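In what follows, structures are represented as structure tokens.
You will see two complexes here that share chain A, one where it goes with chain B and one where it goes with chain C.
What follows is the complex of A and B.
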């Protein structure tokens, strides 16, 4: 298997892009990443997306984005894994290059969520869950996270205000990210006062519904070095699954897929949680941030929230998370999110993270989760000296 | 939801019929034909009692399309007496009274209507367990 590096990154700002379509956003990110990599034409393009069929009545995104980006003829496919579609597209690109099938491959994540009214977008999002036994019962995707948060508070003795640190940290880091959706600070008081979506999950526990696209170009590390490209190597790439329905799990408070994919990634990289300098995790809701920290081995069960309470997740903390705003404040254009995480981690490892630059960081981990924990994609990235 | 899907799932929807694994004895709801515990075939029907307790709950203020006019409503994970968890709405209860551990029982209720000419969908919901009144 060949050693793989990220040789180009591109992203659009995350937000409500009323003037721009799904294809406009995807094309912009693809072209930006190709320019950054100084590559004209990749061997293949994998497009991560979750909702285009439901919200834009558009499928066949691989061919569409390739054509609009001037890559007509290239191998191009859409990859879907709910909210983990972006990182899943990267996984497929990694497999293609590592296996020697292709030399230079792109992964692009794109999502357009604001062409529809919010009830329709809410209905689209619940398709990440079990359509018959969760969706048809009237549960929203937010409600599934609310069931997790309520049980977590009950089992481990927390109040909803204890989760505020996750949202406050994300907003604080988004202020300095020009591509972030919510570039303003929030306070503990604002968190306490905000309106409920599905109790105990409030507006400020939840990531923003948004449009956006992000892309990366991969090549063998050998290719990157021969062409003098600034590179960050992929030390690990791993996917694991769990039941789609929350009620089918032995302990819903254990994100088994997240735990398994992290363990596989650690084994591939020959590293452990102590070696990770920062973690771009899947904070779609504050409870997901807590459970992800536990699943990836940064806290024991019931202790994930404590990292936020003690502010160990800030840029100066023991394990910085959401360094450019995370899903909460950068925004969560679902199928694009996994690639935003990887673009931001690459910025940190290249020393291009601006005011949020972590000093001396060498290893970063990203984890993108689909559904209420049904699929998790973990990547470990390492700076090449 | 399509009429065919509604018809296909009527046994589990109306009378909480799941399956029992003949190999490891696991009781399964909803039915899935392959046991998730031991990966062996599990097609033997098993009717659940419908009794259980609230494992977790949430009051939903923002509802998906088709459910808007019922919001706010309470949804829950119910731990059935026979073991499995099931996701469902609670009914006949004030949301302030709901708590983890509350005993509940399954009832059949209207879930929603798909417009004036569409399907009227029925489903299981759970209500607080009725107490026997001494005569």
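What follows is the complex of A and C.
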């Protein structure tokens, strides 16, 4: 198998783009990434998206975005893994180039969640859960995370305010990201008095519903070097799954898919948690940030929240997370999120992260989670010296 | 790249399975294919599906079906390309095994279109078209095909009765397929007097809305031979796209994506139309059968219908199509159809097609189309001697 690099990145601002459609957003990100890579026509385009059928009554998104981006004819398919759809599209692009089926492949994640044809965003999001055992029973996605957070607090003796650090850190980092949705600081006091969505999950524990698109171009590292392209190599790519329904798990506080995909990625890269300079994790809710840190080996069970309490997750901390705002403050256009994470990690490794630049970072990890931990896609990216 | 074979196949009967869910159907097909392949645990499962979000409020289908089939933990993602989702999942499985990222991978296509949580099947199907320029304007999928058929009749001087042969052939072949939905003969007279859906498309021009699932297991041909498994090699796998909206095409009567993907497949296999012993094409409507025969090089433009009029498409004809009933009579559970085509082609090449067995067939082609020609996925399968 070939060594693979990211040779181009593109993204739209995340926000409520009431005047822009799914295809507009996807096309903008694709064209930006192609320009960045100085590539005219990739061999294939894999589009990560979760909700286009339910919210925009639009499927066949691969063909649609390929056409609008001037790539009519190109192999193009949509990849879905709930909120992990973006990284899943990257996974498929990686598989196609690493194995030599294609030489240059794009992954684009796109989601349109506001001002849609069929404005049922909350109902749509529940389709990431088990439709029969969770969705039909009236559990929203916030409610599922509330169950997890409540149990975590009970088991390990935390208060809801202990999770504030995740939101504060995300907002602090978003201030300097021109593509972020919420570019303002929040305080511990604001977190304490914010309103409840589903107790103990508050507004400030939750990522924002948003529109946006992000894209990357992949090629062999050899191709990148031959063409003098800025290159960040993909040291590992791994997917793992778990039960979709929470009640079916041995321990709902263990994100087994996240743990398995991180372990597979570490094994592929020959690295461990100590080698990771920063971690773009899936902080759809603050509880997910805590559980992800534990699943990926940065904290033992029940200790993930401590990293936030001790401010080990900031840009100066032991394991910086959400370095450009994370899902919480950059925003969470679900099917696009996994590629925003990878675009931001690439910015860090290229030294293009502006005021949020991590000094001397060499290895970053991204982890995109679908459902309440049903599927996890982990990538390890490495600066090419 | 490695030479790849199909080492296992499985399918459920196609029909209105009011008492069975999406996950039940998918699991049955996956388990049947694994048993046929004598494989316990594949390295990955790619699930082809179009409508689970809209009709069953269920996404994350990769993880869900992996779990119910006893494969919790396995890499599992959903692949979508409208009605070509099934073959698109096979494409991704092919890419993963051919390139050596995985050794044994499954593709499963599944669709639940009747008795769903949200019973809006016609609205759901329109999402294969352009939501803004077609769907919102009130064009149903039947209407889009009616535009094509009307234009074809006008341009090339046919009557609607001239298309009868496609439906008659499909029903004749379905009689002997225990998994087919409509196992009864129809006559030229029945076709002539059947009711209109969207003139000139009648009930008997149209494939049936249905539930069903089909699955295949892929491995390297070397693996298949080392384990003494029945093996049908994949000589070619290709995807191409076109505009999603009909009005954007130079000539709406040319299925350019179908033509391009067939050409790529022929080039990869080093074969041409004359080498193909039978063709499982995408007869969602009789007009699509005619256009597919032309796009794949079996007839020149305006001559596709002639193959039906001259009965060249029967099991004894020059180019047998829909040998187990096709979309018309086996039924068309959209995201599963592409894998039904491949399962049936494998049965033919293994000599397991029962009363419909084509004598001495060696090479079969399958072509699965999404939207009104927006995406086409072509595979060429070959018997391993």
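Basically, the second predicted complex is superposed on the first by the 381 of 385 C-alpha atoms of A that agree within 3 Å, B and C clash if a C-alpha of one lies under 4 Å from a C-alpha of the other, contacts with A are read in each partner's own complex, and residues count from 1 in each chain.
The working rule: a contact is a pair of C-beta atoms (placed from the backbone, for glycine too) under 8 Å apart; a residue touches a chain by one contact, two chains touch by 3 or more.
Since this is a predicted model, take the numbers as computed values, not measurements.
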First (chain B), second (chain C), both or neither touched by A:143: first
Which of chain B and chain C A:274 touches, first, second, both or neither: neither
Which superposed partner A:126 touches (first chain B, second chain C, both, neither): both
Which superposed partner A:385 touches (first chain B, second chain C, both, neither): neither
Partner chain in contact with A:135 - chain B first, chain C second, else both or neither: both
Superposition-derived comparison: chain B or chain C, residues of chain A touched: C
First, second, both or neither for A:248, with chain B first and chain C second: both
Chain B versus chain C as contact partner of A:66, first or second or both or neither: second
Touching partner for A:80 - first (chain B), second (chain C), both, neither: second
Touching both chain C and chain B, counted on chain A across the two superposed complexes: 123, 126, 132, 135-136, 243, 248
Residue ranges of chain B touching chain A (in the complex, touch as defined): 1, 5, 9, 30, 36, 55-68, 70, 73, 75-77, 84-89, 100, 111-112, 121, 123
Touching residues (chain side chain C, partner chain A) in the complex: 1, 21, 44, 50-54, 56-64, 66-67, 71-82, 88, 91-92, 95-96, 98-101, 117, 123-124, 126-132, 135-136, 238-244, 248, 256-257, 260, 370-371, 374-375
Complex contact set, residues of chain A against chain B: 118-120, 122-123, 126, 132-140, 142-143, 146-148, 150-151, 154, 195-201, 243, 245-249, 252
